[in-house]
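Here chain A shows up in two complexes: once beside chain B, once beside chain C.
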Partner chain A sequence: MLRPLALVLLALALPAGAATIDAVVRDARGRGVAEAVVYAVPEGRELPPARKTAVMDQRNREFIPHVLVVQSGTAVNFPNSDDVRHQVYSFSPAKTFQLPLYKGTPANAIVFDKAGVATLGCNIHDRMTAYIVVVDTPHFGTSGRDGKVTLPNLAGGKYAVRVWYPEMKTEPSPIAVTVTGNERTEVSFVAR
Partner chain B sequence: MRSFQAKLLYLLVSVLVLLLAVTLIAVHVFGQRTMRKSVTEELRVGVRILERILEGRSRQLADKATVIAADFAFRDTVASADRATIASALANHSERIDADAAFVISLDGLVVADTLEGRYAGRPFPLPSLLREAEARGESAAQVALDDRPHQLVVVPMLAPRRIAWVCMGFAIDERVLDDVAAVTKLDVSLWNASARRPELLSTLPQQARGELLERRRAFDRGRRDADEELEIGSTRYQAIVHPIRTADGSRIQTLLQRSIEEAARPYLLLELQIFALSSLALLAALVVATLFARGVSRPLETLAEGAQRIEHGDYGTPVDVHQNDEIGRLATAFNEMRTGIAEREEQIRYQATHDSLTGLPNRTLFLDRLEQAILKARRTGEIVGMIMMDLDRFKDINDTLGHPFGDELLIEIGRRLTQTLRESDTVARLGGDEFAVTFYVRYGRRAVDVAQRISTALETPFALAGVSVDVDASMGIALYPLHANDAETLMKRADIAMYEAKRDHSAFATYEPGRDEHSLRRLAILSDLRHSIAREELVLHYQPKIDFRLEKVAHAEALVRWRHPVHGLLSPDEFVPLAEQSGNIGAITKWVLRRAITDCGEWNAAGLDLTVAVNLSVLDLFDAELPTYIGGLLSEVGLPPSKLVLEITESAVMKDPAYALRILRDLKTRGMTLAIDDYGTGYSSLAHLKRLPVDELKIDKSFVLNLQASATDDLVIVRSTIELGHNMGLRVIAEGVESEEAWNILRDLGCDMGQGYYVSRPLAVEAFRVWVRESKWGLG
Partner chain C sequence: MHRSFMALFVAMLALPATAQEVWQVSGFALMRAASAPVSGPLGRDPSENEPLDSETLEAQVQVGIDWLPSPMYGAHLHLLGRSDNADTRRGTFGIAEAYFDANFVPNGDRLRLRGGAFFLPTSRENVDALWEPAYTLTPSALNSWLGEELRPIGVDAAYFRGRAVVGATLFRGNDTFGAVPVARGWQLSDHWITLGEWVAVDATDFTSVSAETDGRLGWSARGAWNGEDLLVQLTHIDNRSDGRKYGDLFNWNTRFDIAAVEYSRGDWTVAGEYGWGPTFLVLDDGRKFGNELAASYLMVSRWWRHGRATFRADWFDVDDDHRRALTAAFLWTPPGKIRPAIEVTTAGGEQRVLLEVRYSFSGG
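Showing the complex of A and B:
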């Protein structure tokens, strides 16, 4: 419930009258894939630097959210809302780090400056797992159960629309989309 | 008796031994079968245990591998470090869990690092199926051959926390596994990789057996899997099962589980031994019980047998001492009753054998016995034994006139008086008929006369029986031991002689006078009676037929005189004729015979029977000049032709005074009578004499004829020559004493004229003779 609300808030914050991409991610049987990340990377333009921070909370021995998308250069905080300690780590090439056993919010956030996926784990709770997807664009979204993602407020131009989802084995080919004005463009991915 | 006991024991032992043998065989057979079944079951269980142990090890290995794969530093290394670091970390971790092989495999199936000298690094993992299975199930495990040696491998993912690599750990399947199986199952376990070029054998067997097994393994490799096998290694027989282990790489890893049959059979053997021991004990106990039982049965039987033997030996006094409340006890009781029964009956028989049934007095046997005893005793004490023989006069008359029952009563009464007269120690016996005897001891011989006197006095009183009063006279003869005889029998004879003397003298008693012999006295007695024999009509005539061989019919009948003596019974002429000759009575007898015979013959001829009668003449008759006239008178009186009368004279009669005899004979011959020489062959008549005699017939003495048979040559020669001689002299020859058919036939064949003897008929009383003449095949009827 929180996530769609956040998206709505995000959309409201953007200037009106821009183009929108409506993406849907389906599996081979046509069902929507949840927690799929769809992001549009503009081509041939400088991207505005990331100015936001993100939070990967730990509550009830779970990472929240399970999939977090951030623009590269975003600093992510890892507050521990549990009363037990956690030792968060990532061996992923996108970002290798570890936060030794801690409670509360660590003093320094970790900056994810390289595009890629960091798989998070807790060394003392093997079942805890989460993904931080680092993308080189501010235009991204995460699907709900219907597998739909809306990317609004896109300035006219060429975009490569890409997708990532946790169980992805091979990345589906990016879809090139050129948008102008207020139009809406629909794209779809088949997850494999 | 022992054989009964032995039989019982034998039977019992046989049955028990048979039972025991059957039991043991059954136990053995079922034991073997059960043992084999249980060994088969053990082997199958062994296989399951082997599988279970391998599985357990695999599980353990997987757990260990999982722990290693979760090691943070190791994950860190694998996620980040270079191959060399990863390889060293892998080696370190595999050492920790004592693994024999370890791999780190990338998610795309390439070996990142291995502990096998890096030989697999950079190449695809040789068992991709394990990776696929691990992907599907989270982990996988399998048996494989690594470098030809059997191993257990497990593959687990390395999670960080998502899968970043595979970790594969391997344990060599070594003797520890087999030892584990052996420890649980007590089986011998062997294992080898049949696919290897040079298989190594792992086994719990001793070293030597391993070599032998290794040589033979190919047979098992070819055989069916999980089938029962039997094999012999060294001298030990095994039951075995071959079980190939499932492998992931297609290599054939064989396991052989085996059990020593001998060892498996040991508990059964022990059981058999126990059964045998227990059965033997039972057998022994049964034997003891049976022996006691058999003895319990055979003892009383032996006692009974001994009792029976005692009875056999005449001891009826000792009862059989068996007191049992069973069949044998009843038998013993019955036996004892039988014993007393026999004793009583024997006593009765003995009494009857030794006592006179009428008077109850001792009989002759017992009297003789008592007399012997008395003599034996007297021999020691020097006493004198007296005995009196007593005979009643005219007892026959009493019997005839007053009847036998009266006679019997009289005898009983006489016995009673005798007993009363004598002392208790004396013996009174009835010897038979009206003859009594008593015996007693006396100090002096004279006393015996006193005893006789007392008896005589006792008998003087008339006997009043059944309303009739009878006077009885008795004659008594006294004889004394040792005066008259030294033994009982002689003493009795002497007493008898004395009794005849008393009779002759018409005195009550007489004492034996030494010098008198019994025979003469008897003769005297007979002589005295002979005078009266004709008057008393005691003489009778018997006739014996003579058969004419040619006619095969009776032609003559020889008259033979018999004397029915009131005391001595039927007397033959041999007994009384010599006496009659000596006493001058023969003439009267001959005349009586001639009259009787001629009368009978006359009657026969009158009745149409063509018979000639033959009468024997005595020597003395030949000196009676009156005889021819007497006979002639008789013949004409009866009306019988003289030719129907044959007069038989013995040789000896003629020889006595041949001249005188010849005169008489000629006279008789002249009167037309037939003359025959009797008993021819016994005398010494010369042929010359014979020739002069006016005889017509010759009778061959029966001594030559009695035993006449074809093979007895002497008699045959005499008979033949006599017949020939007689015929030559113109005489008819007659054979006496023909008693067999053989003799009959011989005589007929020799041409004998007539035959006489028991073969034809014995001498018959006149009535019987008439019947014979009518009915015999030789008769005239």
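Showing the complex of A and C:
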């Protein structure tokens, strides 16, 4: 008796449109591109900035993850999990900042409030580099080695699907997609 | 301690908060006790040519002062004071590094121009701020030498693209680079030479990084690739010295290559460097007297939440004189600013135990 009721309630709780975009990013030879960020920006709808937090860790003198994608408005913490000090900076137009030499976790997170790519580095360790990709949408994902990204739970409507990946020279043209209902839509990009 | 140094240090600490965002002061003070005697086979007699060399008790203060008005440019001053100055001239207090950085963003990549006096960024051990070894108290013979006898004074350009870095340096000074391993012998110590300091290499001669006696520029080039867990790096150094004697300074013409690999995964780090190359000086009768230098190490380190244990094997040669050393170290890193540590080294039939207490201020 309770189980059918629970199923009905669950069905009612699902968003009216829960479409999915399946994206794949390949290089010119057809191989999957890892660490590619794919994001779907809704057209004709302004989304409020996120009030979320994210973490860019530092371990073994590497940033973890190497590519972090966040919605604009997200506050990013930069804990130092190493036993050596770091001095993190970005001089990218998307977010210019510098953290003083530190261990542990800085008291204040950095808010990334403008779309774009912030390239991170450390003044002490030349080997350290990472990217924070700031997008104006909550619909984003990062590819694995197979180059595939799934963007679930999209409300029905028009989207511009875009891509970014490390060392991108020219951004592939955005792909316009209209989704309805619970359908799945496939898109592909070629990284050049 | 030098009065002007203390006055500068106190003044920096007294800066208002807004100024401290642009001016950052960090560093450490340490006290160290060694089992090796002041004199004798482990003493600081240059003629002894022993790899383990330290005072029984010593103290150091190192301070980094950073001026960072913008991520695009800034300056760094590295001051050093120490009690261990037995065989040096002007070695008690000095400037280890002083440089200005400017960053550019060509095509989304990063170009960093650095001018002044600085450590070459080659070491896989000296990876903490102020070029401090992160795994042991004293670095390998290779990096002990580079800390004691190489400090480029000039211009360095480093270009960063994705996971690759290439760099090139033009420098003056460092004309005597090579004297330490040949004339005095390899050592395992953390005596970073300061600008203007002269370090004895034998009974009569000294080495200096800042004295420019032959008017010839040296150069260096390097390349590195950083994978997810793996780093590989190759460096070439050529001081282009004339190999001649100028008073108490005997120039050595040294060309040296360093290949480095580092692999880190989880709490483990494995790193190694191998350096090799020829060096020569010119005798009074015009003949060249040359040697082949080689030094390498392999290190395994594990990090816990409040400690790090490291084991390192060292090999170092001058021509047919082969030496090796084994080092084990444990750095205890409880929360707070105090770090006790112990290091045990054996080399050439000698043993040394170092006990250290370090207090870090600012910057963790």
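Everything below uses one rule, namely that the second predicted complex is superposed on the first by the 173 of 192 C-alpha atoms of A that agree within 3 Å, B and C clash if a C-alpha of one lies under 4 Å from a C-alpha of the other, contacts with A are read in each partner's own complex, and residues count from 1 in each chain.
Basically, a residue touches a chain if its C-beta (ideal position, glycine included) is under 8 Å from a C-beta of that chain, and two chains touch if they have at least 3 such contacts.
What you are looking at is a predicted structure, and each value in this text was computed from that prediction instead of being measured.
After superposition onto chain A, the partners chain B and chain C occupy overlapping space and clash. Looking at the shared chain after the overlay, A:102 reaches chain C, while chain B stays out of its contact range. In the superposed model, A:91 lies in contact with both chain B and chain C.
For chain A, the partner that touches more of its residues is C, with chain B and chain C as the two candidates. Within the superposed three-chain model, A:121 lies in touch with chain B and with chain C [touch as defined at top].
Legend: residue contacts after superposition of the two complexes on their common chain; A:83 is shown touching chain C, with no touch to chain B. Contact with both chain B and chain C is seen for A:129 once the two complexes are overlaid on the shared chain. With both structures placed on the common chain, the touch criterion links A:60 to chain C but leaves chain B unconnected.
Applying the stated contact rule after C-alpha superposition, one finds that A:172 touches neither chain B nor chain C. With chain A used to align the two structures, chain C clashes with chain B at 74-82, while the other stretches in 74-82, 182-190, 362-370 or 704-712 stay clear.
Of the residues of chain A, those at positions 89, 91-92, 96, 119, 121, 123, 126-127, 129 touch chain B in one of the two structures and chain C in the other. Across the interface of their complex, chain C is touched by residues 60-62, 66, 80, 83-85, 87, 89-92, 96-98, 100-104, 119, 121, 123-127, 129, 166-167 of chain A. If you check the complex, the residues on chain B that touch chain A are 70, 72, 75-76, 79-80, 159-162, 164. Residues 21, 24, 26, 64, 66, 68, 70-72, 74, 101, 103, 105, 108, 110, 121, 127-129, 134, 158, 160-163, 165, 224, 226, 228-229, 231, 264-265, 269, 303, 308, 331, 333, 362-364 of chain C are the ones that touch chain A when the two sit in their complex.
Taken in their complex, chain A has these residues touching chain B: 89, 91-92, 96, 119-123, 126-129.
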